[in-house]
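Two complexes come next, and they have one chain in common, chain A, joined by chain B in the first and chain C in the second.
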Partner chain A sequence: MSYYFTILSPTDVPLFNIAFGTSKGGGDGIARFRFPDTAQYMNQFIIHSSLDILEEAQWTNGGMYLKHIDTYPPAAAYITAFLTPSGARFLLLHQPPQLPASSSGTGSGLGSSSLLGTAGSTTRASSSSVAANPTSPQTEEAVRQFMNEVYESYVKTAMSPFYKQGMEIRSPVFRTRVTAAGKKWL
Partner chain B sequence: MTSPGDAAPVRPPPSLSPGVARGASKTRYADEHESTSLDADLAESQVASSPTPSLGATADLPIRSASPHSHSVRSSATPQLARSSLGSPFDVRFDSSEDVRTLIIRSFSPTIAIYASEDTDELVKNKGFQGGFWELIRPFGETISGKVVIRDSIGSSHAWEDYGVHFVDLKGFGRTPAGRDSPSAQMEEVLEKQLDSADSSLGGAGRPRDILGLPATTSLSKLFLRQLLSTMPEAPHETFRHPVASVIAISSRNPAPLETLRQLYADSSSGDRRLPDWVNQEYLRYYVLVHDEERDDITESSKLYDQMKRHFGLHCHLLRLRSSQCVVTDDDSVQVPQCEWLSPSERLSGVGKAGKSSDHKTLVDLGTDGTPYVFESDATAIRIFVRELVAQSVIPFMENRVAVWNDQVASRRRGISGRFMSMSRRWAGFGSSSRSGITGSSGGGGNYDSTHQFYRPEAPEAILRKLADFAFMLRDWKLSASTYEIIRSDFGNDKAWKYHAGAHEMCALSMLLNPMAMSAKIKLDSIDQMFETACYSYLTRCSDGTHALRCLSLAVELLKSRGGSATESAARWAMRVMDFGLAGSVAQILFMERIAACYATKTPAGGARWGSRHRKAGMWSLLAADQWLKVGKPTLASACLEEAERMYAPVLANDGVFPMPEMQTFVDNLRHTVKVEYLEARGLNTRDEPAAADPLGTEETSEKLDKRNHRRSLIGLPAQLDAGVLNMTQGPRDLEQPPNDDFERA
Partner chain C sequence: MATPLRQSTMLSVNNSATPQSASSDKSQSPQTQTLSQPTPGLRVPSNRKTIYDRHLNRSRNAELSRASFAFLFGEMITYAQRRVTGIQDLEKRLNEQGYPLGLRLLDLLFYRTTSTSSSALSSSSTSSSPPNRPLRILTLLHLIHGPLWRLLFGRSADALEHSVSPDTPNEYMITDNDPLVNTYISVPREMSMLNCAAFVAGIIEGVCDGCGFETKVSAHNQPSEMWPSRTVFLVRFGESVMEREKVLERAGVK
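Let's look at the complex of A and B:
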């Protein structure tokens, strides 16, 4: 699993970005997205496009944790969202690891299939481990714990006298805390 | 119902000089051959789908290029695609979705086989139609003049303006020559050809089409859909391409007319022209006597025709044609309409279209510009013939069959007892014992011939499928949906997977097409499930990519036209198509555009701010633009880019600046590359830029350009000034503007 975590301000400005990989099951905590290095912008595109769904889901779901709200099938990217009272949104993109066999799936299409990632259906095959199945209840629970922990640190950071609402979060302490939470839960 | 006197008044007396006006030069028209047909296809769909934007674009360009000071109009990716003032994209889209629906409905029209005697083909060949009688009347079947009234199973009548039939050649039926490529590869080739032709016309300034950037893509996807729908070969598992009727034609030149008719009938029912075993042989026979107006005596023909009527009953027609060839310069010449449903292979080999290459020119030294001409009297006669054939014979025949089958076969399965029957068959425990005894040995499947993989045409399953297909073609979607519903599980039990897939596909399609169900909330889930099953059966069990592609493309278009939450599942299916790798590379990009279009049609519910999918639509448009650029089509890329800008406009708070830095860089780069390549493609010499820019008072100068990573491509362009003169005044200026400006315009 690779993760891309973003905090967006109410006006959709990113306050904080971090990409990390899973630490469970012998993972080394380094993100390996399916996009080539030249196409890392796709993460932001996917997150940005899921705001459409988020805007809808926040009115239909009572909780702060909205669970899995959106999927980008071509790259098997799953978006989970968390709302904060100040209007900032936490968005987590998670992408199961690519199976070696699955790469032949869309290769015949166009040269861009690398950009779009490969078939999402193949991921279901590897659902044995908890983290590899993004829609399982265990994963949702793990993400909830992660989100809650990040929320705590976020509140503390936002209360800092040197932080103004809407500013980018540059605090290294916050970053280490998020990384730690990621290591702990995801 | 058919008497020779009926149609007589409309026919002018035959010309006494068959060879008149043979002097028209062929060279004069020769070079226009290729372009006209392609233009026609493009123009036709544009006119049909979106008159507004094409108007807007045409009106826009001259104004913009004439007034270089229009700084206030913020530039889009390319100069002439800005038509902010005219034509909202949403109108267009809703129009065209209705249009696509009609296209789909019309593609599922009855097939009529043509079987003409040698002498008839000879007569028609003299008129310049090398394919014989079939080629002559084929274009006229595609739209039948006037309304066609169809009674559905409940007995209510419906008048359809756009009914049509497909004429096929009986000689070629079921013997499709093994193509060199798979259908999808051929489709790809057609698309590429169309793209290239659009490109080459872009090179020359002043062609009407190069200002129609955006409609070109929508017409492309329509072309793709049309290709897909007309590519379907005759197959046992669906009867849309099986003949509903067959026209047996002889001419007045025939020395032994009645014997020939008998011979032709025997050929087609038992002889070597017999259709394959899986085709139901009980189709309507229709007899046509083609009368040669110029050589033969009408009284003789009338006598013969009366005789035919006595022998064969009502299904006869006397078609009066002139045997000489018609040329453009003739007074009453009309162009034969374009064939709408050409399969990709025909399109590639150039059948039925302009410039029919060597044989056409050598055999016929006449100056038609590719598409043949006929006399107006002939055209009228053929139209009347086709109308009579369809409205008075084929439709009543189909209605009759539907009623009979519905009564005799389907009703037995509909009631409670029918359920029991199918259950008993399934478990083979009781009832129908005779059958279950045999089936045990033959390995499953009651009536299913698993070695040849088809049902005998008289098996109830095959008849039910035919009933459903007939109902579908008669546009009685309620009946067809319920019939497909009955049989779809049967096919699964028999492990007739292609039938299984087809029944699921058509069941879902009829549900989506049924206008009654449009208002009622039918469960999208069940439809999705059916598409899922169909696609699984086609792909995994039969590995039939073409049918799966057709199924999913239709699913996308029809779900999209339903609007609401269905558009999202349309987008999902389109992504599945890309996932499966069913489409070729150009088609893949078209599907990206379709996804964008699907998301774009999703509108906020009840005036709320949320519920639209602008960001998703924008993203897919941008991705499509990127892909177009990769295949070297900057014009299409810029159209997509503009679409993306329009989509993003309402959701980006900060005047078109993306909040996310990496997105912003990507979009900036894309925008820039599109501009550069676009100008390059138009043959603009960008080196003249400073000279052109200075008089306009542009404040930014060339140092801005040095920062761009594509500077290299700006140097060393061919100096084709002539093409670029018109646009030079505005082109460089657009290049100069900072890219961020583009998004301000809504």
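Let's look at the complex of A and C:
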């Protein structure tokens, strides 16, 4: 399971992003996406394309945690969203490890064989984990916990008088906090 | 207001050295990193507590000295009064000073209601339901009238009204009989139009904007016999908000 997490300002400026892998079920916390290393922009591409759906869901659901909102089947990418009351968007893309049999020919087929090899080896380790099934209630709950923890750090950032809304979050402490939350819940 | 929090967030000030030099008398030059942080440019306070280590609810029930607030607010007005061309300009500046505060308060308010919803009692609110982002105008206004006012001033606002005129369905009024910010302010006769609660209007505008409601908010004097400093905050929602409101009403969203 690999994750790509990003925070977007209300005006669609990316404030923060991080890629990480699962730490559950013997995962080593390193992201292994199905795209080759040279095509990591695909994550951003997919995650940002869900913004339209998010902006629709935003006005029908008053909760902060909007759960799973979008799926991009060619890359098996699931997108979960969390909205802060002041309009910042937290988006999490999760991609389950590729099963050896189910390599689809589209998009992800570009993945280099060495990459698929490593992904395949971790499949068995993490298939029993919460994360292997991205739409299960357990996963949603885990992501909720993760989002809430990030939200706390985000509020602390926003309360700083040196931070203006829409500024990139560069604090290494914030990054460590997000990484720790990822390790704890995902 | 969240002033105690702000004092604790001095970590990234560039080498003004005043807060540090007092505490770190061991090291000769306060400019050198006293800590073994590998990241250059990051200054961590000497007690190693960054803003991320502090609890956001710590100052929840803390009270702020009214005298120091009055002093600070007086300074803010003096600052805003420099190089202004008129009363409108001055009110605009006060409004702009309040705006970022509104955005922050919104996040803080929701954080505090979520994190304490399990033990929601004491000072939280009458509407202690799990917090939702406001989607409709009325829920938003109730949020401002109730929880936000309580967070800022320790009590609810005094009235919430909708404009009766059919020409202006987008106007709402929030009334405060005795705004805290104006307690120690006497406005000179020649500036009688001025209402320094424009600062609070800015806060309201920030809250509305943060929630996705395009708004203009202004503060107006409406003295009554009983309440000489009664202030009405006129909230005017934008066209886009009214359109969305109609769509949401038809869809039955609350």
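By our rule, the second predicted complex is superposed on the first by the 160 of 186 C-alpha atoms of A that agree within 3 Å, B and C clash if a C-alpha of one lies under 4 Å from a C-alpha of the other, contacts with A are read in each partner's own complex, and residues count from 1 in each chain.
Here is the rule we use: a residue touches a chain if its C-beta (ideal position, glycine included) is under 8 Å from a C-beta of that chain, and two chains touch if they have at least 3 such contacts.
Every value quoted in this text rests on a predicted model; they were computed, and no experiment measured them.
K.L.:
Once chain A of both complexes is superposed, is A:R177 in touch with chain B (first), chain C (second), both, or neither?
P.N.:
The answer is second: A:R177 touches chain C but not chain B.
K.L.:
Between chain B (first) and chain C (second), which does A:K156 come into contact with in this model arrangement: first, second, both, or neither?
P.N.:
second
K.L.:
Quick one: classify A:W59 as touching chain B (first), chain C (second), both or neither.
P.N.:
In the superposition, A:W59 touches chain B and chain C alike.
K.L.:
On chain A, what residues does chain B touch that chain C touches as well?
P.N.:
Residues common to the chain A contacts of chain C and of chain B are 59, listed in rising order.
K.L.:
Could you pull out which chain C residues touch chain A in their complex?
P.N.:
That would be residues 2, 5-6, 9, 12-13, 39, 42, 50-52, 54, 56, 100, 103-104, 106-111, 114-115, 131-135, 210-212, 244, 248, 251, 253-254 of chain C.
K.L.:
Given the complex with chain C, which residues does chain A contribute to the contact?
P.N.:
Residue list for chain A touching chain C: 10, 58-60, 62-64, 83-87, 148, 151-162, 164-165, 171-174, 177.
K.L.:
So in the complex, which bits of chain A are touching chain B?
P.N.:
It comes out as residues 8, 11-14, 40-41, 43-52, 55-56, 59, 73-74, 105-113, 115-116, 119-121.
K.L.:
Would you tell me which residues of chain B are touching chain A in their complex?
P.N.:
572, 575-576, 578-581, 583, 585, 588-589, 608-616, 618-619, 622-623, 626-627, 630-631, 651, 653-654, 658-663, 665-666
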